[in-house]
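Consider the two complexes below, in which chain A is the common component and chain B and chain C are the respective partners.
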Partner chain A sequence: MTGSALIIAAVFIAIFVAFAVYDVLIAKKRSHKKYKTGTAVTAYLMLLPAVVLAFLFILLPILYSLGYAFTDYYLLQPNSISFIGFDNFKQVFEELAKGGTIYHALINTAIFVVGVVPLQIGLALGLALFVNKPFKGSKIFKVCFFAPVVISLSVTSFLWLQILSPSETGLLNSLLGVFGVAPHDWLRDPVTAMPCIIVLSAWQGCGYQMLIFLSGLSNIQKSLYEAAALDGAGAWHKFTAVTWPGLRSTFVYILITVFIGACRILTQPMLMTGYQNHTVTLSYYMYQQGYTYRWVGYSSAVALLMTIVIGTITLIQRRAFREKN
Partner chain B sequence: MENSVYENLPEISDKSAKTRKAVSLAVYIAAGVILSLIFLFPIIFMLATSTKSESAYAASAGRITMFLPDFANLGEAAKNYGNVFTDYGIWRYALNSLTYAAIAIVLNVLINGLAGYVMAKMDFPGKSFLSFMIIFLIVVPVETSIIPLYSIVKIMLGLKEGASVIGVILPAAISIFNIFLFSQFFESIPQEYEEAARIDGANTLVVFFRIILPLSKPIVATVAVFCFIGVWNDYIWPSMILPYNQEGEWPLYPIQAALTTIQSIQGITTGEIMASLIVTSIPIFIIYVLAQKYIVQGFGTAGLKM
Partner chain C sequence: MKKFFNRLLILALTGAMALTVASCGGGKTNDDNSAGEVDPTTGSTIVKVMFHVDVKSTEGQAYKKRIEAFNAAYKDRNIKASATYKARSAGAAGYETELLNNQVSGTLADIITFDAPNTASYAKSELLYDISSLVPDDVKNDFFSLNTYNGDLYGLPIQESSAGFYYNKKIFRELGIDVSGYTVDSPWTFDQFKDVCAKLKAGNVTPVDMRIDATKDEMATYLLYPFIYAAGGEFTSPDGYTATGYFNSDKTADGFKFIKSLIDAGYTSYSIGATDFFDGRVGMYLSSGWTIPDLDNKYKAVFASRDDWGLLPYPKSVTAASATGSWSLGITNNHHTDKSAAKELLLWLISTESSEAITTATGMIPARKSVNTNYAEGSPEYTLLKQLETTGRERPVTVAYPTFTTCFNQVIAALGTGDVNSLLNTQADTLQSEMNRLKR
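Up next is the complex of A and B:
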């Protein structure tokens, strides 16, 4: 493993040197520009810590996750890694066809994304429009809606674990008990578990997108609204004719970031239900295979497929919502 | 007569407009209060429950008192929070988190700041390649490289036991996006400041620390705040790489990872769980209140990531 890292480092340095030599030759051709050796050495020394850390903790993991996907790397045997071609991918698709855990992971992730993306963005947009009033008190409401964002994902998970507690004294069960509803085990019931996780995730996250929508709203010129009002436009017409077009680029940004974030969901099911068929997600499956079961090769193949699928959908979204001009 | 009627008309419509305005404002405030309560009920529940003993909590089930603190027995609140600090030792995990965050912030600003400065102000062979790499690493979507990162930290670098702490801090100290942010900001600083210092014989490092950094407080604050939030709230990565011993102790765990283990301790009450969640959230809450300005700036720059 250290060997492969050294080879990658050597390749990286070679490419860098090639570019450096090219830069020097170009500079020589255009005689007005000249590099100073002293400045260059200082620059390299100042860049060194960043380059070393970025190589170790950013570039290398990316390259390894590509490479490992085609090996049988088992974490406890780092010295006997062999190349196995597309076997990992074959196994992924076999598991999928068999309806194994990865099948559930794919379905649950899809349910989560389809549920949380519209809910969270809709909430964020609604709250932003609500708060965006020339009334001083609306600032207090803004703080209230933003408050859940301050709480970390793990605290959110543990808090909702108590709210959704299966016992009679759990918050939701006891409130429903007032109306005579029998206590329910929300997170262990396959029907209610994912919807609960969707709701609490949207609750925790939407304040953040509300703020981004608000900054988008503040960029829309007031004169556009005045012009619309002169034309006799109602509230809905103002929204479709002025607000929505003005928020388009903000919306695309939010759609893509929320979508990518939703595809990565891991903490909530991990802390709230554990590794269960009805709540396992793709990230959780990948984590379990790579970390708990230590099949790094197979786990990397899953990660690579995820990157390809999510990257493709992101590109399609960007194309579909690109501004038409 | 007719004239006076006409003169009165605007006044009348003014009054009705005023009442209409007042009514719509009242409706708006009522709607806002209801929405806020819907949004805050989990947090109110958490705060209220943290003041209750297990029996008081069970007694309040299904009543409005679930959302009210137990004012009659404020001693219980003190007991819950006291237990979280003494029996469950949460202060130690909080201290761990603070230490990791503090070191990560200093390294983050120094390492990425220096790199950003070089990219913004200095000319050297190979700069074109590094500029390309920065853009490439920001744009390229990487779903999850956490497992390869784990194998690099554990197997290749061999960071085990106490040395695992390095594996928590160093990855948090490098951020390509922060290098980009710093270089964008430094480019806007006029060259004259530097040249004046250079004439006085200052070398590059002196210029960076004495001239550039003091002029860059807003961007340093933004980077520091986001680094703190990132390290304090991180749960999965530290719980993956930090060791635990056979006695079930996690002396190096940061606070979020420790929450998992505190939850599972036998005999912990609901009130104590809630108190531990609140203690964990307070520093982030304080940061948001104190550093609002820089956080909003950070949101502004987030748009650049596209």
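Up next is the complex of A and C:
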């Protein structure tokens, strides 16, 4: 494996160097006297550390994963890997067809995405609009809303485990107990488990998107609101006619990043429920297959399919929300 | 000056690149001999061992002392042990992830600790070295359990574990429940177990914490699998490659149905708090020997002395069965082909002296029969030891063990609401698919 990594690295460096030399030569031809080769070489050398890191930690794992998807790589036997063509992909579709765990993972991931994307973006937008108005203590609110983002997902998951504890002493159950509601096992009940994870995830993540919306809001010219006010627009009309169009590109960016993040959900179900059919997600399934069951080849095939699906949906989103000039 | 700076920059970047590429080149050093790395200062062969505990823990400290003692004893024989400690940060899986990473990168230690149920998959994958010929027969015969696969020996434990039902004697006395006759030699039955639960429930006490909520890792499997054996069930065929007809057999279903009947009757539930037994709110608590030090030292308000708590064996149905299995030591199939130095360290770590020293620190049962334990008859430790000797049954030996645990956990997690036979059929299919995949 080390040998193949070195070969890939050598090929990559050769491509990078060839590109750099070609670029320098072309640029020199076009820019006549002003162009200095030394400056260009220095620029490329400056770029090199970042390129090497990107290669090692992004490109190389992707290339490996792509290759492993067509092999029978079993983690305990890293020295006996055979090419098996599309067998892993065939198995994925067979598992899907017979309603195996991957079927549940796909459905749960879809439910999570459909639930969390609008909720998280809606919450973020609402919070951004709320704290965007200058009032006493708005900064404190900003800090409070952003705080969950800087807490690790493991910590927030454990925190919510306490809130959702099935015992009578659980925070939510004791609160509901005041109103005579019987204790409920929120995370074991297939009906309530995923909604709980959706709420936790939206709460945890919306602070970050709130900040991005805030920066988008700050770019909208105040004169537009003044003009709208002069035209007699109310708050809702101002929002639909000024704020929303002004936030469109920010919204598209947030939509795509939240969507991709939601498709990759892993930590919350892993820590809160364990590997259960009613909460398993595609990333969790992939992890379980790759690490716990040690089928790296199969897991890589799932990863590749997942990348294709997420990439396709992202492209559709971009096309659907593309600004028409 | 500018030129000089540019050249310096080029040199630095080239150096960094070379270092990065070199660092990807695996863990083998130039100082290796066939038995292990060589200490450049002393010339000793270094045997590396990786433990699954934090070095600061009681168990970690006990291992550390034994390693130091080994180094002192083997100084003249030019063998030196070097230990690394990787705590199980995310359950057993955390340590295993580290182990798998080492396997992939070719940096496996010479000796590792591993959870006993992984023996089959590690042995089949040749991660573990066959130590049958390295360990004398009299030593092998001295162990309660051996880590074997296809008749070959791959690991030996230092300490053993067994589990049972800790009970609150004060509550039992107040409710007039007499369990003094239930011993390992004369275990209680499933029905008697239920009778005790009924009396506890009638006394407004949550009867028993069966740990049915502990399905995120190995805990529920480890504590509950004996119920299935006790009901006459099995999980897999003896060769570990067939689940259909075993995992979903009628007798296996009987074991799970018994656990379900306890849930349905309100004798146990998924919502019992982790400390409810220790706070005196639950009558019985299913756990392993590691709870003994906690009850002796931590929860003095409820359990002032051993007069306040006791330990009951697993109940029997068709037969008696109890939990066994702990972490073991094994030699790996790493690039050091000469295992003589590793053998010395392994035999040292599984010696009666090591077993005694480490179990004294941890409070667990020694894995070797010859270690003098002197447990008082009727004491919790005595009950656990007797169980190991008479009713202990190991978890299924199968290369698909990780899937077995997942399947078992999924059945337990769904027992409260699901139909036992349907759950077992689904999971038997899953387990069988995995076994077929591994058989290929």
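What we mean here is this: the second predicted complex is superposed on the first by the 278 of 325 C-alpha atoms of A that agree within 3 Å, B and C clash if a C-alpha of one lies under 4 Å from a C-alpha of the other, contacts with A are read in each partner's own complex, and residues count from 1 in each chain.
Operating definition for what follows: a residue touches a chain if its C-beta (ideal position, glycine included) is under 8 Å from a C-beta of that chain, and two chains touch if they have at least 3 such contacts.
Please read these numbers as outputs of a predicted model, since none were measured by experiment.
By the touch criterion stated above, A:183 is placed in contact with chain C alone, chain B being left untouched. Once the two complexes are laid over each other on the shared chain, residue contacts for A:277 go to chain C alone; chain B is not touched.
Of the two partner chains placed by the overlay, only chain B lies in contact with A:148; chain C stays clear of it. By the touch criterion defined above, A:313 reaches neither chain B nor chain C.
In the superposition on chain A, no contact is made by A:220 with either chain B or chain C. Touch criterion not met for A:107: it reaches neither chain B nor chain C. Looking at the shared chain after the overlay, A:81 reaches neither chain B nor chain C. Set against each other, chain B and chain C differ in how many residues of chain A they touch, and the higher count belongs to B. Touched by chain B in one complex and by chain C in the other are residues 1-2, 5, 42, 49, 56, 75, 78, 168-169, 271, 291 of chain A. Every residue of chain A that touches chain C in the complex is listed here, in rising order: 1-2, 5-6, 9, 13, 38, 41-42, 45, 48-49, 52, 56, 74-78, 100-101, 165-170, 183, 185, 188, 271, 273-277, 288, 291-295.
On the chain A side of its complex with chain B, the touching residues are 1-2, 5, 15-17, 19-21, 23-24, 27, 35, 39-40, 42-44, 46-47, 49-51, 53-54, 56-62, 64-65, 68, 73, 75, 78, 127, 130, 133, 135, 137-138, 140-141, 144-145, 147-148, 150-155, 158-160, 162-163, 168-169, 171, 174-175, 177-178, 203, 211-212, 215, 253, 256, 260, 263-264, 266-267, 270-271, 283, 286-287, 290-291, 296, 299-300, 303, 306-307, 310-311, 314. Taken together, the chain B residues at the contact with chain A in this complex read 25, 28-29, 31-32, 35-36, 39-40, 42-43, 45-46, 49, 57-58, 61-62, 66, 110-112, 114-115, 117-118, 122-130, 133, 137, 140-152, 154-157, 170-171, 173-174, 176, 179, 204-205, 208, 232-233, 235-236, 240, 256, 259-260, 263, 270, 273-274, 277, 280-281, 284-285, 288, 296, 299-300, 302-303, 306. Contact residues of chain C toward chain A in the complex are 6, 9-10, 13, 16-17, 20-21, 24-26, 93, 97, 100, 103-104, 106, 121-122, 125-127, 213, 215-217, 269-273, 276, 402-403, 406, 409-410, 413-414, 416, 430, 433-434, 437.
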